[in-house]
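Provided herewith is a single structure, encoded as structure tokens, for subsequent inquiry.
Order of writing sets the labels: A, B, C and D. Residues in every chain begin at 1.
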Amino acid sequence: MSKKTAAIDIAEATRLEMYRSQYRLREAEQRAFDLFLQNLVKGTSHLSLGQEAIAAGFATAMQPGDLTFCTYRGHAHTLARGVSVEKVLGELMSRDNGLMRGKGGSMHLTSVEHGVMGSYAIIGAHLCIACGAAWRAQYQGKSDVTTCFFGDGTTNIGAFHEALNFAVIWKLPVVFVCENNLYMEYTPIKDVTAVAQPAADRASAYGLERILIDGNDADVVYQTAQKAYARARAGEGPSLIECLTYRHSGHSRADPAKYRPKGELEKWKESDPVKTYRARLLAQGIKASVLDEIERVVKAEVDAAEVACKASPLPPDEIMFTDVYADGGCAWRN
Amino acid sequence: MSKKTAAIDIAEATRLEMYRSQYRLREAEQRAFDLFLQNLVKGTSHLSLGQEAIAAGFATAMQPGDLTFCTYRGHAHTLARGVSVEKVLGELMSRDNGLMRGKGGSMHLTSVEHGVMGSYAIIGAHLCIACGAAWRAQYQGKSDVTTCFFGDGTTNIGAFHEALNFAVIWKLPVVFVCENNLYMEYTPIKDVTAVAQPAADRASAYGLERILIDGNDADVVYQTAQKAYARARAGEGPSLIECLTYRHSGHSRADPAKYRPKGELEKWKESDPVKTYRARLLAQGIKASVLDEIERVVKAEVDAAEVACKASPLPPDEIMFTDVYADGGCAWRN
Amino acid sequence: MAELTYRDAVARAIAQEMERDPDVVLLGEDVAKAGGVFKATVGLYEKFGPKRVRDTPISEQAFMGAAMGAAMTGLKPVVDLMFADFAAVCWDFFANEFPKSRYMTNGQVKVPLVIRLANGSARFGAQHCQSVENWCMMIPGLKVVVPSSPVDVVGLLAASIRDPDPVIFLEHKSLYAVKGEVPDGEIVDTLGTAKILRPGKDATILALALMVPRALAAAERLKAESGIDCEVIDVRSLLPLDTRTILESLSRTGHLFTVEENPRLCGWGAEVVSIVADEAFYDLDGPPVRITTPHIPLPPAELEDLLIPSVDRIVETVRRTLTA
Amino acid sequence: MAELTYRDAVARAIAQEMERDPDVVLLGEDVAKAGGVFKATVGLYEKFGPKRVRDTPISEQAFMGAAMGAAMTGLKPVVDLMFADFAAVCWDFFANEFPKSRYMTNGQVKVPLVIRLANGSARFGAQHCQSVENWCMMIPGLKVVVPSSPVDVVGLLAASIRDPDPVIFLEHKSLYAVKGEVPDGEIVDTLGTAKILRPGKDATILALALMVPRALAAAERLKAESGIDCEVIDVRSLLPLDTRTILESLSRTGHLFTVEENPRLCGWGAEVVSIVADEAFYDLDGPPVRITTPHIPLPPAELEDLLIPSVDRIVETVRRTLTA
């Protein structure tokens, strides 16, 4: 696992942007949790508190027009592409101001205008779908790259295998990112996986390089992403990147995460990506006031989002009957 | 690829049995083809002419009670477990004397009493099902081993990946045998696979040893099978074995195999398993008369089978309504 | 007699059968140590140990297949598939393997297993709240069981485990917390039997799972508000289907309503209406009417509530039809 | 005007649309160099090259997903799934992905693609001859098209490729060799329209695909042998469903028969019968009757022929019902 962060040369503006992004994801998801405790989130939700460096690192390395595919645990990746906190929280709260006006919910955040092509809640499918988006870029001679995020548990489903093989033989500009947070729901990934590193140890089965990185270090993530994107844009095909990380909260809102061994969470909190990154920036000479200002602006966005969401009405009932088909409606007969 | 056949020490009786088996598979399938040309086989069929060493080698290494799972290309594996030629040809000809009295057809040959637990025509599923049969042995403390045969093309479907991972984490007594005959239907396997050896190059993704053998050499197959069975019976878990081979006929009865590069078939016919094995036995000092007698007995079985099948009636119409449910019938209502 | 939740009834039935038959095993994602995502298998791992209660990877095809292979060779697996929508990732086993092996092999292969699905609405959105009972009913060779109460869960799940055929057992997510009286001791019900929960003479209302309490509530309101006396039948089992009870009820009431949670087209209601229209046409005193979820994907959270048949909608549909 | 086989009509329609729209692409197993397992795409690889006509591995999930991702971002993929039964190994895409994305994203995501399936009986046995049109009709958000003749293949496949929604296009294996006249030049039909192929006044017979020629032959015999004059409607499209043409016909004939190849339960016939029973109850002069394959898996070879609705069975059922 590459650990040479000190050697990474990243522009200050980029580093500040990655801090802002991580801090914003953290704040937005913590607010989502607060709203849930206030019983204002009626559907399910899956937080990625603790995994922010991955979303921030990749999104920062992306170019406009690049595409993101994520799972039900997709708040962070959606926000990281620039979607407003209001639209995300609005969707979680099923309000009319939500990203999909409440029709998708937390598990399906999508913002095509930001390149967020969807959040998928049935494990596996979106790795295949991401291949198709990348194929379109190749077919049309476009230079955009598609990134597909998924968890460690997802490496054991058949669609993972099919997508990886397919992406390689068609040499598609797609980057597969496995966020290994050690658990599939409540079961430790090591209990159900034939290899130690569920993604990295399988790269060779697709003729790919083994890439295993510290997913809590935004600089490492950013640099790895850049390399994979350069490779994809050069027509050299897909990458598979395994990022080691940990989720601070339970699997979903219903999960108190009692299955964790004692001390595990505490140990991982020592490498909390937001806190460690702040410390690093300070150590690198960035002024605390600069970071404080970033935090203040983020907090203001999140506060304003909460107010706007609480004020937003539920969507009108008619919305349930729209957009099943391209004609805008749901008629299946004449 | 191990090629040290000279060093393999196999009892003469076993070698003769493997010759008999290969010769029998060859004769039976050639007869099936003749019957098809006589328009006596109305359903589809998939021959494994040229691949006999694999079926013969594994079946000879099996013990009574061991279980076999095969694909639609399952005539050879079914016969190799001792099922009569008559029952197999009868099934192909949809006669009442067929193995399933015509209800399954060529693609679904099954003889539970011989340990042939079925032939499966949708790619992938039977690798998973084989896991279950092996799990039952483990659960009940039985020593039988399950063997699952499949083709090179099958390594690209998701079920392959799921089954392999599953078998390893549960340490199941199952042996996965990939018969790499270079083609998935009409497409060369190398055009659609990210690695050169579709099974062997993926073994490491499941923490398994890489095993790639000459599938046209029954001695190599037999020895490899023995090792895998010993490992399984010792509770050390599954094996994945890739056997290089070639099918002499088209994919199915509908396929004239025009997609083959010129000379490919001819080259492979030089290592025709039946012919080369006969030559080897002769070179090892076995008398021609011994082999001739084996051939005569086999031919007599096949001839008698043809006569019996031609004389057998079609199954009675009522049979179509039996055995949907365990009560013997098909009633879904009262 | 004890009061049990629907979710606890699941665990009780499985425990009853595991105690009785050492070949009964349970497998699925998070089913062992975690007691299941819906907490319907809590305590079984502790009671029966890691050999009989096993967690699986996210490999639905692998563990459906493993269950089948085990069933073919002597075990009686009970599989937890979690959300019913996930049937789509292993549909090959539902459609092509479980139900066809016995037939194709002329009876040589047996597939005695139970697949448990958490079916139906619960505000999780389009990919987690489908009702797939009609997907299953379409497939020849399956049995399809859909309980609406804790006591039925115990009796029908036990019967399903003992059944020699592949049974798809659809638990309703929104019923897991519902409580009901369950007698002590062994309970084994009979598959393929509908239950008349409320006798009535003016119309027959058929329902399944979550729709059963709604149909009952609607019947009470119809009686109180309009004097319409509905017979409410809990269909309980789609395969085998108790057409006798249904046709007999219809012959007395002359009016048929089905209350379905699956999206409108090709649901079990369509099947029942077609059977009735064909075989009991002259018993019908008016059009048979299906009350269903509209044929659209489900939105999450509160929006979902507006699409699933409600007590109000049942009451209004029956009243409008009978007073037309 | 040229005489074309049903299989050649497939290639012609795809060629027509590929010529017109550079974003139309074709993918599937053995679809390129080999021209498809059913030879329905012969010549397209040679004409449009390896970039637009692509062979895939045996990875149905991967290429269904790839088609979807491409469709979402601007291409118009046509996918060859080969045998319809294989829908089961990638059912997640049919049930959970293609049809739900537009809805869940409030219209942001579009999925304009066509999945071609070789459907129905052709003597290959239980895992290769299923009729899955009802599997598809059950799923809200899909369109489902089922042509019975070469000219309909061209026009409906072209319309499907131009359609902005996911279309499941079910070709019938046993029709591939059938010939028919097809006009020269561009042909584009309209989805969601049934066709009255034979007017009649005594009964309405609805059929799809291979059942259409059988229904027509049965109608001729019924007329000649018993003087019964049947209207035969080729339904052509299950989603959208042309209920107007069906209900209008029924209002004239008073009798409904559906001829279905899918196994009996929850077929499209059940849906149509239920619609008619509800909305046109008082137009019915007798029970609406479904003629279907029985609810059992299919045996291979000659045995299959006995289970699929035949001309004889249609004739007998209609005659018995109308003279009862």
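As a working rule, a residue touches a chain if its C-beta (ideal position, glycine included) is under 8 Å from a C-beta of that chain, and two chains touch if they have at least 3 such contacts.
Note that the structure is a prediction, hence the values are computed from the model and not measured.
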Chain whose mean Cα position lies farthest from subunit B: A
Chain pair showing more contacts of the two, B-D and A-D: A-D
Chain centre separation in whole Å, for subunit D relative to subunit C (CA means): 30
Mean-CA-position distance for subunit C and subunit A (Å): 36
Distance from subunit D to subunit A - Cα centre to Cα centre, in angstrom: 40
Residues within subunit C bordering two or more other chains: 56-57, 59-61, 85, 88-89, 92, 96, 99, 103-104, 125-127, 140-141, 239, 265, 294-297, 299
Multi-partner residues of subunit A (each touching 2 or more other chains): 103-104, 108, 120, 122, 124, 156-159, 162, 165, 169, 191-193, 319, 324, 330, 332
Subunit B-facing residues of subunit A, complex: 124, 156-162, 164-165, 168-169, 191-195, 201-202, 204-208
Subunit C residues within the subunit D interface of the complex: 85, 87-89, 91-92, 94-96, 99-100, 103-104, 125-127, 130, 134-135, 137-141, 239, 262-263, 265-271, 273-274, 277-279, 281, 284, 286-290, 294-297, 299
Touching residues on subunit A, where the partner in the complex is subunit C: 42-44, 94, 102-108, 120-124, 153-154, 156-159, 184-187, 191-193, 259, 314-315, 317, 319-321, 324, 330, 332
Interface residues, subunit C side, partner subunit B - complex: 25, 51, 54, 56-57, 59-75, 77, 92-93, 96-97, 99, 101-110, 112, 140-141, 143, 163-165, 192, 239-244
Of all residues in subunit B, those that touch subunit C in their complex: 67, 100-101, 103-105, 108, 110-112, 117-118, 120, 122, 124-137, 139-140, 146, 158-159, 162-163, 165-166, 169-170, 319, 322-326, 328, 330-334
